[in-house]
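Same chain, two partners: subunit A is paired with subunit B first, then with subunit C.
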Partner chain A sequence: MTLTSLSIKNIGHNWLRTILTVVGTAIAILSFVLIRTTLSAWEAGVDNAAQDRLSTIHRVTFVMPLPKRYFDEFNGARGRIDGVDVATFVNWVGHKHPVRETEFFATLAVDTATYFDVYPEMSVAPDRLAAWKENRQGAIIGEALAKQFGWSLGDEVTLLGTIYPGDWKYRIEGIYVATKKSVDRAQFLTHWSYLNDSLPEGQRDMIGWVASTVTDASRAADISAAIDTKFDDQDVQTRTMSEKALTMEFLGGASAILGALDIVSLVIMGIMMLILGNTIAMGVRERTHEYGVLLALGFRPKHIATFVVGEGLTIGLLGGGLGLLISYPLVEQGMGRWLEENMGAYFPYFSIPTSVAALALGMAVVLAGVAALVPAYSASKLDVITALRRIG
Partner chain B sequence: MNEDTAAASAAQSRVGKKPDTSEPTVTAKRAPIIVCRKIVRSFWRAKERLDVLDELDLDIPEGSFEALMGPSGSGKTTLLNLIAGLDRPTAGTLTVAGTEVSAMGDAALAKWRSQTIGFVFQHFNLIPVLTALENVELPLLLTSLGSSERKKRAQIALRVVGLEDRMHHRPQQLSGGQEQRVGIARAIVHDPRIIVADEPTGELDRKSADDVLTLLERLNKEFDKTILMVTHDPAAAERATVVRKLDKGKLL
Partner chain C sequence: MVPVRYNVRNLLVRRTTTLFAALGVGLVVFVLAASLMLNEGLARTLDRSGSPATAIVLRKGSDSEMPSSVEDRAISLIKVAPGVKQGADGQPMVLGESVVVLFQDLANGKGKSNATLRGMPLDRVQAFRPEVKIVEGRMAAPGSDEVVVGTRVVGRFEGLQIGQSIELRKARAVKVVGVFEADGSSFESEIWGDVEYIRSAFGREASVSSVRVKLDSPAAYDAFEVAVERDKQLGLEVMPELEFYSKQSENTSMFIVAMGSLIAVFFSIGAMIGAMITMYGSVAHRKREIGVLRALGFSRSAIMVSFLLESVMLSIIGAVLGTIAALGMGLVEFSMLNFTTFSEITFQFTATPEILVRAIVFGGVMGVLGGFLPAIRAARTPPIEAMRG
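Moving on to the complex of A and B:
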């Protein structure tokens, strides 16, 4: 036996209370990990955005369209912008599943010739890519979306139009897989030309935004400025930004929710600390007589304080460890997989980051230690005779 | 040589002392190990001063087994606490085992206690989450002894009190008498010169009480421990070599 093992053994004084406290701590850690993983997954798109990819949108808002001819001035038929390597364009279509309308996924009408050149992290078999390009009503979908709705190659799919009303018929020609975790694995990619040709004359030849890669990421700011300057004196002005900035703008509306979640996760840890502090304080009160005995035997107040803090750290470590032990299978195997498969548009990659796991365990131990400080101080101030007289 | 004697010899040789079983009582002829001079211990109740010990003088020779008796509130436990270094006198000087404890600071007093005093409590006061062996080992955690040596000494102490076969039992698995014997093993494991016992038989039946008192007698006679025992029990006091009576803070 050592002073450390004696400190650890102290958690056995009241097993029921210790177990309940450890379980309570574990639940708090589980909640913390879930919230932090959600935030991390939500922000994965920002964190993992390509450094060399720019997005050009309408100067007012990305909801407003740009003329298709703008794209031709990037590196197409009408001209070239210095520093731009490859460019493509995208239009937000906003289709829905005709039956499962509430299950969101992104439907994009894209330029089939260039889209996968600009987004190489979306990998599709060459023969399927060729088949898609050949079929104006062809669609390439993400693997998560295929799993979500049970779609497979060759399936005829009818989607419900929202921005562009009507029933839209497609044939699944390919399924892409993501090679980076930031990629939405639940997109539905269609031909822009099919959409454009289906629209009334007055609505044609408009695109949502232009995405372009640059030859030198360190010049991204200069190239962005050059793009916007190019369209300054035209009928529609543009705003060009990095993909990261655009993603942040998309998430901007959710920032308040994210901030609130962030605070909630800290509040949970605060509550956990108070519960631990109360439990440890109860233990100290009940064991006042025992501490009196130890003091009589020659143990010093610093020993008593160390025992109390050690007990807190042990409970924190057990609770934190148990919390992570529960979190991993729940998130990695259960909830995370479900979210990726069913809400891939929001959470393309839902997995516990190592930093979150380390932070959770570290906070459990540190906060438990902090929670034990006041009871430890009280215990260290006990008068030996008073403590020996105290029963129960 | 029976097992207990062997254990006793082992314990004695470890601490460098020779057992003396031939001399039953040597108290009166030896130098005092506890010297109290005009000891006063006062407490304040509201604004009223209460002198629990009133200019008390006391000499206790080394190697004696003394019982301290008196009615409740007479100052027995207060005197015991002072001698054990748990408390300090309001006035007077108190010298125990050659050290003036009345002048010591908290840290020095705690260290002195851990080396000089063995405690036997009325309610045994064993730590419930520890085994008998671990409870006995507790005072040795404050020494520089290694783990295996601590364990060996704790085993010897348990052998001395006849509980070697219960060393892995927790307090709740022991009878009251056994718990008190573990308490006594804890009191002697670090080889203190003085054992203070506050009502050591107060929680025990007659048979267990007799066993505990016999053990204390052995520690006094065979191991030359000075024992100061507070008791209300006349039968327990009879086992001591000297019985002192205290009333209203003064020795009678």
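Moving on to the complex of A and C:
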């Protein structure tokens, strides 16, 4: 019998405790994976945001609009910008569901002629698209939103205005599906011209932002600078950047929460180490007599220490493995699918990254090893006589 | 009943495992207490911003000041509504403010976030918000391009030190001339300047975001509300200021509490298993002692109570440690985006006696649940067999 196999056999010494420890470790790993996956799902928004699509917004505050004529400088009506392929404009409308007011979704008033050219990853059947363009009170909605509120083609829908007061009536003319996961599948897209015509004189001809695709993503920074220079001597200055850069900046506001979650994921590792350390320390105490026997048989203190650490590593590996095994069905299949379906706007991707899985397993094993160090050290310092004399 | 001293001594004898298990419970209690304190801090900061007998008028359907707009001609109607208090200067106490958020670089270099810029008639601030005190520099002059910044945002964003300026649009910058304190309210997370200068910089002349009104007494509220909301053409909505601010924290607060509780419950399963391991170990070790106790005439239930008590003591030690650590968080400032207003708000972890008691009780319950099965095993130990070893 080798030392390793003896070490593994030893974990059967107290079955109940081993099982409890493994389960405790597994739950800690499950929590760790859950938190880490949430964090990376959040950041996945950045990784998947387009680098070849630019957003042009008000320079100092995204709540203030731009004059509509700025858009004409993009599409050829007044001019063109070198390197810009297609452009569209969007206005945030901020409607609410009349009854389920707390369920947030994005209502956007868009330029019907160009919107879907700039966002090719949102796909609509050509006949539905044509029908939408025809009906100025028409709306195209995301599949997730249709499911959420049980809306289907041809439905008449009344939404509640917040920024633009009143009741707004629309007819669902189309439903788009996302061909990339980074797309918000819960948008409600309406005609900008319909909104504009409904507004009082003084508020007309304003847009939220311009979105444009560039022919060459590597020139995105230069093109952005060129756009901003163009409007620099106007009343309202602009700020243009890639969708990716914009998303990254927005994460700045959430950094405190992300930081807190980060710390919390380390706390659970601390709890796990305490459970493991506790178990190993108790095992060592109970087996002092056995270690005495081993020492008397001629094993060296380092063998005893290896023995204790080996046991810790085995339990850590078992717990970590079990934790990952339950994480996949629970976090990825259960929760992840649910979040992608219902909260796609925040979590377009929710699956466990390989790096998180590897980190979790690694942490379980390493922390188990560390937790075993102190008991291992004290076990290796045992004196044969006292160890043999000690019972329990 | 078995003397409590017996349990205390036992915990002391096995101090390493006691400490390990207690710390596990402590960490869970820490997470729970910290999230409750965070929520309390947010609620208090916003609550302090509102005062009784003050109403806020917004455009109907607006959740916050930012998307709202109230035309100047509506303000003159509000001024003559019933119940409006007259100030010392004989003017009605009505304050129209323009609120925008500025997307600014964070001073820590971690991207950008939204800072609230509030434009107001600066000469009337003192009458409306007497708690506001300038702690550095001086007050911004009415009608000028000067601004003062709250103590909580000075270091949070780039460009907010005294003497620096922020460009609102080309050749329209605001200069920081002072830093103010506002009794720990959310105003301390804002930048204040002159309403005319700010609204014209954004091309929003002739309207403001919100109107605050001091009333003669809280009892005058109903009549005031009816009078302002009666005119459907204006499309306005009136709310008591206190209620407005508690609504502002609703979403964010729900998020913090839900996340904190979810994590605490998850983690507590782990920590309970830790306590269970310790208690099972303890029971196994003391089989002989339990036999002796039984032989001395202690009943099964006395044994069970004794072990449960020990488990609860163990977890209370942890809970107290965790709570003390959470109290330490009281020194930490936390900045986050308020989901309702889309702007940053900075606040402190705030402890209340209720939160501390709740955290410790939670720890105690973990002890009861974790110690239950081991205590049953202890109670079921047959005395004769146990004493034989």
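For the reader, a short list of remarks on this structure follows.
Just so it is clear, the second predicted complex is superposed on the first by the 390 of 392 C-alpha atoms of A that agree within 3 Å, B and C clash if a C-alpha of one lies under 4 Å from a C-alpha of the other, contacts with A are read in each partner's own complex, and residues count from 1 in each chain.
We adopt the following convention: a contact is a pair of C-beta atoms (placed from the backbone, for glycine too) under 8 Å apart; a residue touches a chain by one contact, two chains touch by 3 or more.
These numbers come from a predicted model, not from an experiment.
Upon superposition of the two complexes on subunit A, no clash is found between subunit B and subunit C, which fit side by side.
By the touch criterion defined above, A:Ser31 reaches subunit C but does not reach subunit B.
In the superposed pair of complexes, A:Lys180 makes contact with neither subunit B nor subunit C. By the touch criterion defined above, A:Val267 lies against subunit C but remains apart from subunit B after alignment on the C-alpha atoms of chain A. Vertex at the C-alpha centre of subunit A, arms toward the centres of subunit B and subunit C: the angle is 90 degrees, rounded to a multiple of 10.
When the two complexes are overlaid, the chain among subunit B and subunit C that reaches more residues of subunit A is C. Applying the stated contact rule after C-alpha superposition, one finds that A:His13 touches subunit B and leaves subunit C untouched.
Contact with neither subunit B nor subunit C is seen for A:Lys133 once the two complexes are overlaid on the shared chain. In the superposed model, A:Arg59 makes contact with subunit C only, not with subunit B. After superposing both complexes on chain A, the closest C-alpha pair between subunit B and subunit C lies 13 Å apart.
Within the complex formed with subunit A, the subunit B residues making contact are 81, 84, 86-87, 107, 110-111, 113-115, 119, 121, 123, 125, 127-130, 134, 137-139, 141-142, 147, 150, 186.
For subunit A in complex with subunit B, the residues that touch the partner chain are 1-3, 6, 9-10, 12-13, 289-290, 293-300, 384-385, 388, 391.
Those residues of subunit C lying in contact with subunit A across their complex are 16-17, 20-21, 23-24, 27-28, 30-31, 59-63, 66-67, 100-103, 106, 110-114, 166-170, 202-203, 235, 263, 266-267, 269-271, 273-274, 276-278, 280-281, 284-285, 334-337, 342, 344. Across the complex, subunit C is touched by residues 14, 16-17, 20-21, 23-24, 27-28, 30-31, 34-35, 59-64, 94, 96, 160-163, 165, 232-237, 248-257, 260, 264, 267-268, 270-272, 274-275, 277-279, 281-282, 286, 392 of subunit A.
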